[in-house]
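Input: a single structure, listed below in structure tokens.
By letter and in written order, the chains are A, B and C; residue numbering begins at 1 in each of them.
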Amino acid sequence: MSTAELMETVQPGVDDQAEAALLKVEGLTRVYGDRIGCADVSFSVWPGEVLAIVGESGSGKTTLLNCISSRLTPTCGTVHYRSGDGVSSDIFKMSEANRRRLMRTDWGFVHQNPIDGLRMTVSAGANVGERLMAVGDRHYGNIRQTAIEWLGRVEIDADRIDDQPRAFSGGMRQRLQIARNLVTGPRLVFMDEPTGGLDVSVQARLLDLLRGLVSDLGLAVIVVTHDLAVARLLSDRMIVMKQGRVIEAGLTDRLLDDPRAPYTQLLVSSILQV
Amino acid sequence: MNTFLVASDVRKTFVMHMRGGVELPVVANVSFSLEAGRCAVLGGPSGIGKSSILKMLYGNYGCDGGQILVSHRGRHVDIVSADPRKVLEIRRDTIGYVSQFLRAMPRVPALDVAAEPLMIRGVGRETAHAKAQSLFARLNLPERLWSLPPATFSGGEQQRVNIARGFITDHPVLLLDEPTASLDAANREVVTELITEKKAAGVALLGIFHDHDVRRAVADQIIDVSAFAAGKSAA
Amino acid sequence: MTALADMTDTGKLATYNFAYLDEQTKRMIRRAILKGIAIPGYQVPFASREMPMPYGWGTGGVQVTAAIIGPDDVLKVIDQGADDTTNAVSIRAFFAKTAGVETTTATAEASIIQTRHRIPEMPLTEGQVLVYQVPIPEPLRFLEPRETETRKMHALEEYGLMHVKLYEDIARNGHIATTYAYPVKVEGRYVMDPSPTPKFDNPKMHRSEALQLFGAGREKRIYAIPPHTEVVSLDFEDHPFEVQHFDQPCALCGGEQVYLDEVVLDDRGGRMFVCSDTDHCENRCAAGHRGELAGDDLFDGKDKGVETEAST
């Protein structure tokens, strides 16, 4: 077959396939008075993919994450989420009741500091079980069994189930927070610097665990990080932000190995080599 | 004979913004095609842009122009203009890649590293592991290493894990970036056999081999990259 | 529940408005009560007044009683089931003085019963009003300190957290160890704190013929359960709600299926269990019922060896 023959059957490189996006962000802007939190951000996330939002402190990535997870109201722009029944709706036009239900069933949110995402004064088991009880599970034995299974998946011994997270190390707390979020089988998880305050070895373990869970559960994840190594290890696609705006977006490995924008080149060249 | 991949007029220049926007032309006018059951080899001195071409084919590097058409799921897709998700899909199903160095994941055992491309495509864990084990055995990777993370392996051991990872699937196109660089003669021989088997199975291969014996044994076609040297044609 | 009382009999009462509070305040409280009745279990904010007693002594209950009491009402006040404890005596005296109403210790005769920590054993009847003194009205406060958040949780019926509390109980103790202030769901909608009554009394709230009003003075909240309302105690399928059981009957009246208080008799371990509801106990004794220590005059100064009997 010649090149000319090939051309006749060419499919455009853009994706025109039927699968609809899980989350579609369009023209999202959030200003704080005169200051820009994030401006005119648009992107989509599809089921089962991991998207990293990278940038240095103050680049607007956390503002963006808070907006798309409905924790913060954007100044303008829309965020559409397609629920399990295939219906796509603007999360800021949903009733608050529906939005909150979404956040404790279909969605998860992993905070950088586990204290923000855990109830520190109740046991690990209750932390994991809370979402189950919130959706109406009323069988103590089943809730506890599920909690034990999830603690196992995040490598916490079952005999720690009745301990409070106050007695846990930073890495264990973060793993507990992940289990607490995943117990209802969410389809989309937001993560804000999930490996932030952890030692390097603890960080490696958590990243490996996350990678495994994400691929086993087919989760879609939007992870905010300033650490390009975390982005490379976890994500398929990446968005680079600076001063509230998207500088460059694309395949994670292409952005890291062949950065185009001056800012992305600066970020990549600033990585310390070990 | 089936053409699996056609590159035409592919062009690549690095712009170094960190150094005042200096332009480093890499290649231009890259044109060739890969055919099923044949192994093409990129030839030319080092630094001429052989690895860059492989990376552009894999979507790892962007291109500044041209077209790379690949037969993907019965249709022809242009990698140069494909969106990221399409590129990922092509990597999963159509184009395999054995890199020069293994990017080791912390804590992931060698067996899982090699079996992963199969499991991503929905093959069961046991089947995938069995296939990885047989490749490890052929590549003479000591069995005590199979369940260990490759981060602490020697260069040759890591490379064999990498080769197993690349050869485990039946991707119709396979890109090889110096797969034999850090291997001894016996293992080079194994890789040659593996390539020959891929050819027999109808895979289109494109490789960089600095080892003359291997190159001689597998090459059906030499693509001289110095012909694409950017300095010449860009001028 | 009429407006101003006739205050012509004694001049000394003229310094107080009827039932202490001014009429505008009573109207404000009555509006809150009416709203509470209309939305069973919902906590209605109200402008709690300073009362001539410290917080924690029943200022919420007293304001509710003051707002609903009329000259024809008969008031009973109990504290832990007893009519003769300090708090009960003072509040009874307060209304006797400021409203001139008749007071009683007999549950059946009372039209308004203000209570702390108990519901009388005798089933209440239509026309009676039970006024609870409430220290912390918010059942979700245990795990969620933010008022803005708990209000939202009530509004959106997000009550999973209540079960987290019960889960913790079972995880720590093997059973639901909450014995008082045991959360209930009212008319299938609002989760409510029944005030620190023992959970033994929870079933009495369910479809009671009486009107139940709750006043929290310090927290400035009023809520209500109208007569015949469904009140369900929260639980797990595999750990159903249960009331306390007592191994022995009341030592004085022999009553069973009643809530008992432990009374220490001496410093050698002697103790007995008697009805917490003193009126109920006295009525039974008067009707000829006898417990194992009844008939012994415990307070005549002679030791009749009760400690050995009681310790068996």
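Note that a residue touches a chain if its C-beta (ideal position, glycine included) is under 8 Å from a C-beta of that chain, and two chains touch if they have at least 3 such contacts.
Everything quoted here is computed from the prediction, not taken from an experiment.
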Quiz item: If you walk from chain to touching chain, how few steps can bring you from subunit B to subunit C?
Solution: 2
Practice problem: Looking only at C-beta pairs in contact, point me to the busier pair out of A-B and A-C. | Solution: A-B
Quiz item: Where the centre means the average of the CA atoms, what chain is farthest from subunit C?
Solution: B
Quiz item: What chain sits nearest the middle when you go by CA atom centres?
Solution: A
Quiz item: subunit B to subunit C: how many Å between their CA centres?
Solution: 79
Exercise. Let me have the rounded angstrom distance from the C-alpha centre of subunit A over to the C-alpha centre of subunit B, please.
Key: 31
Practice problem: Round to the nearest whole Å and give the separation of the Cα centres of subunit A and subunit C. | Solution: 49
Quiz item: Which subunit C residues touch at least two other chains?
Solution: none
Quiz prompt | Touching two or more other chains - residue numbers and ranges from subunit A | solution = none
Self-check item: Residues of subunit B engaged with two or more neighbouring chains
Solution: none
Quiz item: Which subunit B residues qualify as touching subunit A in the complex?
Solution: 2-3, 6, 8, 14-18, 33, 55, 59-62, 69, 75-88, 105-108, 120
Practice problem: Would you mind writing out the residues of subunit A in touch with subunit C in their complex? | Solution: 96-97, 100, 104, 119, 121-123, 125-126, 129-131, 133-136, 138-141, 143-144, 161-162
Quiz prompt | Residue ranges of subunit A in contact with subunit B within the complex | solution = 1, 3, 6-7, 9-15, 46, 49, 204-205, 207-208, 211, 215, 233, 236-237, 250-251, 253-254, 257-258, 260-262, 265-266, 269
Quiz prompt | In the complex, subunit C residues that touch subunit A | solution = 143, 152, 156, 158, 160-161, 163-164, 167-168, 170-172, 235-239
